Amino acid sequence: MEIPANEKAAILAQALPYIKRYAGKTIVVKYGGAAMVNEGLRAAVAEDLVLMAAVGIRAVLVHGGGPEIDSMLRRVGKEPVFVGGLRYTDEETMEIVQMVLAGKVNKDLVGLLGRAGGKALGLCGLDGGLLSAARMGKGGAAGGQQSDLGLVGDIRAVNADVLRRALDGGYVPVVATVAGGLDGDPNSYNVNADTAAASIAVALGAEKLVLLTDVPGILRDLGDSGTLIKEMPRSGIEALVREGILSKGMIPKVECCARAVDGGVGRAHIIDGRVPHALLVELFSDAGIGTMIS
Amino acid sequence: MEIPANEKAAILAQALPYIKRYAGKTIVVKYGGAAMVNEGLRAAVAEDLVLMAAVGIRAVLVHGGGPEIDSMLRRVGKEPVFVGGLRYTDEETMEIVQMVLAGKVNKDLVGLLGRAGGKALGLCGLDGGLLSAARMGKGGAAGGQQSDLGLVGDIRAVNADVLRRALDGGYVPVVATVAGGLDGDPNSYNVNADTAAASIAVALGAEKLVLLTDVPGILRDLGDSGTLIKEMPRSGIEALVREGILSKGMIPKVECCARAVDGGVGRAHIIDGRVPHALLVELFSDAGIGTMIS
Amino acid sequence: MEIPANEKAAILAQALPYIKRYAGKTIVVKYGGAAMVNEGLRAAVAEDLVLMAAVGIRAVLVHGGGPEIDSMLRRVGKEPVFVGGLRYTDEETMEIVQMVLAGKVNKDLVGLLGRAGGKALGLCGLDGGLLSAARMGKGGAAGGQQSDLGLVGDIRAVNADVLRRALDGGYVPVVATVAGGLDGDPNSYNVNADTAAASIAVALGAEKLVLLTDVPGILRDLGDSGTLIKEMPRSGIEALVREGILSKGMIPKVECCARAVDGGVGRAHIIDGRVPHALLVELFSDAGIGTMIS
Amino acid sequence: MEIPANEKAAILAQALPYIKRYAGKTIVVKYGGAAMVNEGLRAAVAEDLVLMAAVGIRAVLVHGGGPEIDSMLRRVGKEPVFVGGLRYTDEETMEIVQMVLAGKVNKDLVGLLGRAGGKALGLCGLDGGLLSAARMGKGGAAGGQQSDLGLVGDIRAVNADVLRRALDGGYVPVVATVAGGLDGDPNSYNVNADTAAASIAVALGAEKLVLLTDVPGILRDLGDSGTLIKEMPRSGIEALVREGILSKGMIPKVECCARAVDGGVGRAHIIDGRVPHALLVELFSDAGIGTMIS
Amino acid sequence: MEIPANEKAAILAQALPYIKRYAGKTIVVKYGGAAMVNEGLRAAVAEDLVLMAAVGIRAVLVHGGGPEIDSMLRRVGKEPVFVGGLRYTDEETMEIVQMVLAGKVNKDLVGLLGRAGGKALGLCGLDGGLLSAARMGKGGAAGGQQSDLGLVGDIRAVNADVLRRALDGGYVPVVATVAGGLDGDPNSYNVNADTAAASIAVALGAEKLVLLTDVPGILRDLGDSGTLIKEMPRSGIEALVREGILSKGMIPKVECCARAVDGGVGRAHIIDGRVPHALLVELFSDAGIGTMIS
Amino acid sequence: MEIPANEKAAILAQALPYIKRYAGKTIVVKYGGAAMVNEGLRAAVAEDLVLMAAVGIRAVLVHGGGPEIDSMLRRVGKEPVFVGGLRYTDEETMEIVQMVLAGKVNKDLVGLLGRAGGKALGLCGLDGGLLSAARMGKGGAAGGQQSDLGLVGDIRAVNADVLRRALDGGYVPVVATVAGGLDGDPNSYNVNADTAAASIAVALGAEKLVLLTDVPGILRDLGDSGTLIKEMPRSGIEALVREGILSKGMIPKVECCARAVDGGVGRAHIIDGRVPHALLVELFSDAGIGTMIS
């Protein structure tokens, strides 16, 4: 490394105010996209989370795993089916979803964090009743003629006790977004990972929700990264939607941020997971990165 | 129910000495066989564990899941291969083993315990560095010309901190027997569930290790259940092996019991998981059930 | 016992929901009548209390001891005198009351619980200032021309700290209903045990007050046990009194229950102490026993 | 009071080193004799104990009550019988002993301490299994032809948990010297109060055992209080006995002191309970009072 | 000492109610005047504070040190300058003030308390951000044409965490009245010790504020100590000022007391530090000493 | 800053292993020389200590202050006198030493750390009996005819309780090297700061002792910084002294390191305080800085 040791030390010293600001605070990270697929980025995310834990941040990692699910479905001879952007989830699909998310993606991440020097705990929504969901309603939010999606669930209850205990013990909880049923319903449900992350952030009274995405943040003009909105109030979201500035993929993410802020989370961030160490850049520098909604 | 309420109350009162004896003690249960496959037995095991937790027993459930692994392997077009009774585990098989054990069997058990009124936490050996293993040695214990089994591991280290915290919080830890590698080795390993249960029992200083099996215990004459050995000292095991009394399937189970007792576990039990509520019968009655080694 | 072990285990498993419901809750039992005189019933009550403590219930036993007091008075040559159902208590009588309740009945119960495997602590209202009373007023509740009863007291203050500490330590407090005076008054007072139990239940924020009596509960027709009122709201009590359904002996017991419920106790029960293990039947079965007021 | 306030303040200031020395230490006081009978002395002892508790001393009061037992026995028409200085204790006598000690003397002391501003807890050896005894052996320590004394017991086990909890809660435990039986033996036993105090002091690892007596301490010449032995090593006791210097009544007291010191108690004191505030004089002045054995 | 030991013990016993009343309570003592200069009085104050700590009082000592500052200023060749009774404090003076108060007076007191058997901790307002001040405003409280006093400060914030921790650890905090600046202001400020004591008493929710002065208390007629006002309500202060009864030096002291009482301190006392053991006389006798405002 | 944010983040990530290694460990820093005089270096040291505290290091700062003492002595008209490198310390000098170290240098450092965002607590050896010393012996270590140095002390006892409590509370203790006397000796003593730091490091069982000096470390050839000894075993020190490699000023520093390592401190470092952020460079980089003795 060509940067001399004392300059590095000066950089560490510059991080001090941020370290102090976030010590003891809870930060929920929704993990996905390129940062989850690219090996170098994966390693950097693991380092970032372990560093966050080391300086006293209570970090929670929430993940989905669409590509791995698709690939496993195909291995057992099922073609993935999507309806209005949501995965059609029959019982067989759900079995695969649970296995892949809770058994493969989740535990692989736990192992990765462990090798990076952290202590991680792999959970899904069934553990300690963390996430309970009901079948997503026909004629639900999107109104009109909604197709049946099978075992896709809406989160109805969060019991964060298991997360708090893990965080108290110095563990980084890694959460696969599979939820249990309500009141004795024995089904598992496939729940949206952004929404799960927002619900968990609210339940924990988190300081921040950070969504790692494959875009630089909210752009006024999708084609021009110079139009990044660095900061916006939660109250400005409706206008953005109305004005048609938000892309179709961005709308649910922004709505998650809104839900988190409405639930008492201090700040929600949409950041670019393709930037190495994007989490540390966001947390430990003046400039931050991506779009902050508060 | 034909048994009148006050007779039931008398039965509860009779359980008192056992409840008092085990309160605060750790009991590790290796779960497998019929008790895991038959739905009624599964429900009874769940009730038993939740009751154990309710009366203050620190219960840990350790499980494998051979049949589910075989079935999933076949769904992806792989025929299960066994060498000397052990599963040949190439990387693709290991991926399936981890997914099925940690993502399906484990989380399904967690859900079942939750619906029975308990608080369960589904873990595998990767979580919090619980189980670390090394590739089973060529020219190992069985001596002679041992075939390479791939990612089958011998447990080398147990870090039970994550279990202790879960038990302190009133959770029943449910452990899938997948282990991590040592010193940065990124592989996961397939480890024997009986051995894992014994190792965990030793690490926790458990009062009891209970192996739920499909036999009544150790029989002097396999064909005659009247020849059940109810109790035997650990020192008597070598003689039994020498005399050829133990069946081939029983030998590794008895060796696990020996290892547990040698490691300081108070008592090891081989009991008949086909009997409903076999755990409660063993724990809360004078007679006990199966074979006790101490 | 002719009931096979696994059926017994099933019965234990059935008790699970009740065990879970009451764990950590406080239950105050007023002990008296046949259950205190009959040796077999006494032993069963002791077992019940020790079991309750073993499964995490915070149980408090409150007792009087009329027959033993009468017998001791006669041994010192005094004939017991009652006025309007209340014991006339001159100083000499009070000395005997205190000795018999706090020194004999109380400590004998403590010994009995100890031999049943429990840890009990024998207290009276003087210990740690638990119960403070003032002389029952002339022209008091019953109105009209009330005779002077001597050192019979009305409870004016309860300091439950000593009970809470005993319960925290896993002890079953056994309370003899002798109260101290207020503000330096050196007299001890004879207080009603039902009332004392209700006052203690209120002070501890108990979940339940259970009065062990010699009747099946509140009967609409005293001669017909088929007319048992299994459940009634606290608001229904006044009507019962007005309609003359309650016997003279039952009225003060029901009023105690009303006072307890008014003071925040969840439920008050009048149950039949002549049934062996009546406490366990009440707590750990669907049917319950006797009359519940809530 | 003729002593001016600032001189009193100076006296308080002089007590400082003693207050500091004993803060947090355990002191077991055997209470008896004139200090228990005389009303003024009783009040002073109560004040002393409450002050000791207030300055952080963990004080335990152990008492017998011979005169009150005799008087009660006579009220029920039994003449007290003594054999070799020990009370012959048949079952009826034991019943009276327990009632008088645990129900009258003990609870009256608790009330007295309460009115003096303290928090006291009245216990006997049955509570929490504090003292367990076996029938005093025929052909026991004194050898030769020993008469049967009935339910007179030798202490065999002390479970001081209940005392420690009471002391932790800021209570002064007051202990009546009635012991329970061993291993299910339902008898209560009459045990010597000096011995009980010594056993309790050993079990608690007390700093001091103080015996309040009706003599100035150990005198070389019984008739001359100028021959008081102020301090002596435990090793000097045998010589004193051999030389016949100890009176018959003093020998068992001195032996109790020896037993306490042998069991790890720092110092044992025989002091004159007829001196008002003898405890404070002993604890909080240079001179001390009576005889100290260490 | 001519007072016999048991009379001393009786005096101790008389102090009991006061010891009990103040145990666990916080008492802030402003130390100054003769009691700080006279060696015998200094020793007595040290004894008093150590005794207070020994009987469980949470005592805080706050001090100034005018004479020592004057003397040191003269040693470096500066003549002390006062404007309207307040020290003109240029930077060089402030340096001396801080050194003398925090380095000499404070640490000498800590040593004195240590030699008297206590555990003391010497702090100033900079430690742990205990006292933050802003430059005393021009045109401030005294109105009109106020001269600039340099680094004389008004206390604006108190962070008592460091005091609470010290008290929890059994230490007597000794506080030199030097304050830090606000918001990065690197100056130290000279603050009035009476005011600092009152602010600290309010921040700690103290039971009492005691000002040790060189007068007997508030006198209706300064020349006649028989006109001492022993007790007065806080509401009576304005009238006293209006009527011109308070001397010029007494007015700020009384205003401090008012501020303390307004801020929730139970009682404020102005007592005569020239009386040996004045603190103990005030705390541990019926009569008290000086003037109490509540 | 020209270094881009994500490169800074990478540098933070590189610090991770060091942060993890030292979290919860105690590091005692002896502060002096240029790093204490130069304003920019002082600010960097303050930042370093606050960062160390923020990442969970239990940091203790020990300082002397020769130049400030000299300057103050001159202001009061005394010329500093040194004998054999040690300050001749008469009573008047000692008064100045204490005032300057504990009142000026110490509290100024506390203020500096506070403004850098830390919580610091300024102590000297008198506080809580932290350091007790005896007058340095005539005919002491240096042998021969040693002159009397006045109130120069050898540390004889360290009571680190006050430091542990401060560290537990998240404070950085800043210690001025003035010690109290032993056994009632009312003198304060001037003690060597390197020695005090070593004694404190031993008493706290520190992981590291770091001496901030004005040299690059131990050089084989004083004129050639390329001859820096980066690492050496404690056992090699005697040889270095014998060979005359160590300069006169370096010998006592190396002896302090030896004493620390002998007392159980993991590693002792002599580093160059003239390098900005030297502490962070030492702690958080592979290369380290200066000479390490272990």
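For reference, chains read A, B, C, D, E and F in written order, and residue numbers begin at 1 within each chain.
Here is the rule we go by: contacts are C-beta pairs under 8 Å (C-beta built on N, C-alpha and C of every residue); 3 or more make two chains touch, one makes a residue touch a chain.
Computed from a prediction, not measured in an experiment: that's the story for all the values here.
The chains in contact with chain A and with chain F alike: there are none. Taking the mean Cα position of each chain as its centre, E sits at the greatest distance from chain B. Look at where the CA atoms of chain A average out and do the same for chain C: the two points lie 56 Å apart. For the pair chain C and chain D, the distance between mean C-alpha positions equals 35 Å. The distance from the centre of chain D to the centre of chain E, each centre being the mean of the chain's C-alpha atoms, comes to 46 Å. If touching chains are joined by edges, the resulting network of the protein chains shown is one closed cycle, each chain touching exactly two neighbours.
Contact ring, oriented from chain A toward chain B: the chain order is A, B, C, D, E, F. On the side of chain E, the complex with chain D involves touching residues 1, 3, 5-17, 19-20, 23, 44, 47-48, 50-51, 54-56, 117, 275-278, 280-281, 284-285, 287, 289. Listing the residues of chain A that touch chain B in their complex gives 72, 75-77, 95, 98-104, 106-107, 110-112, 114-115, 119-124, 126-129, 161-162, 165-166, 169, 171, 178, 180, 184, 186, 188.
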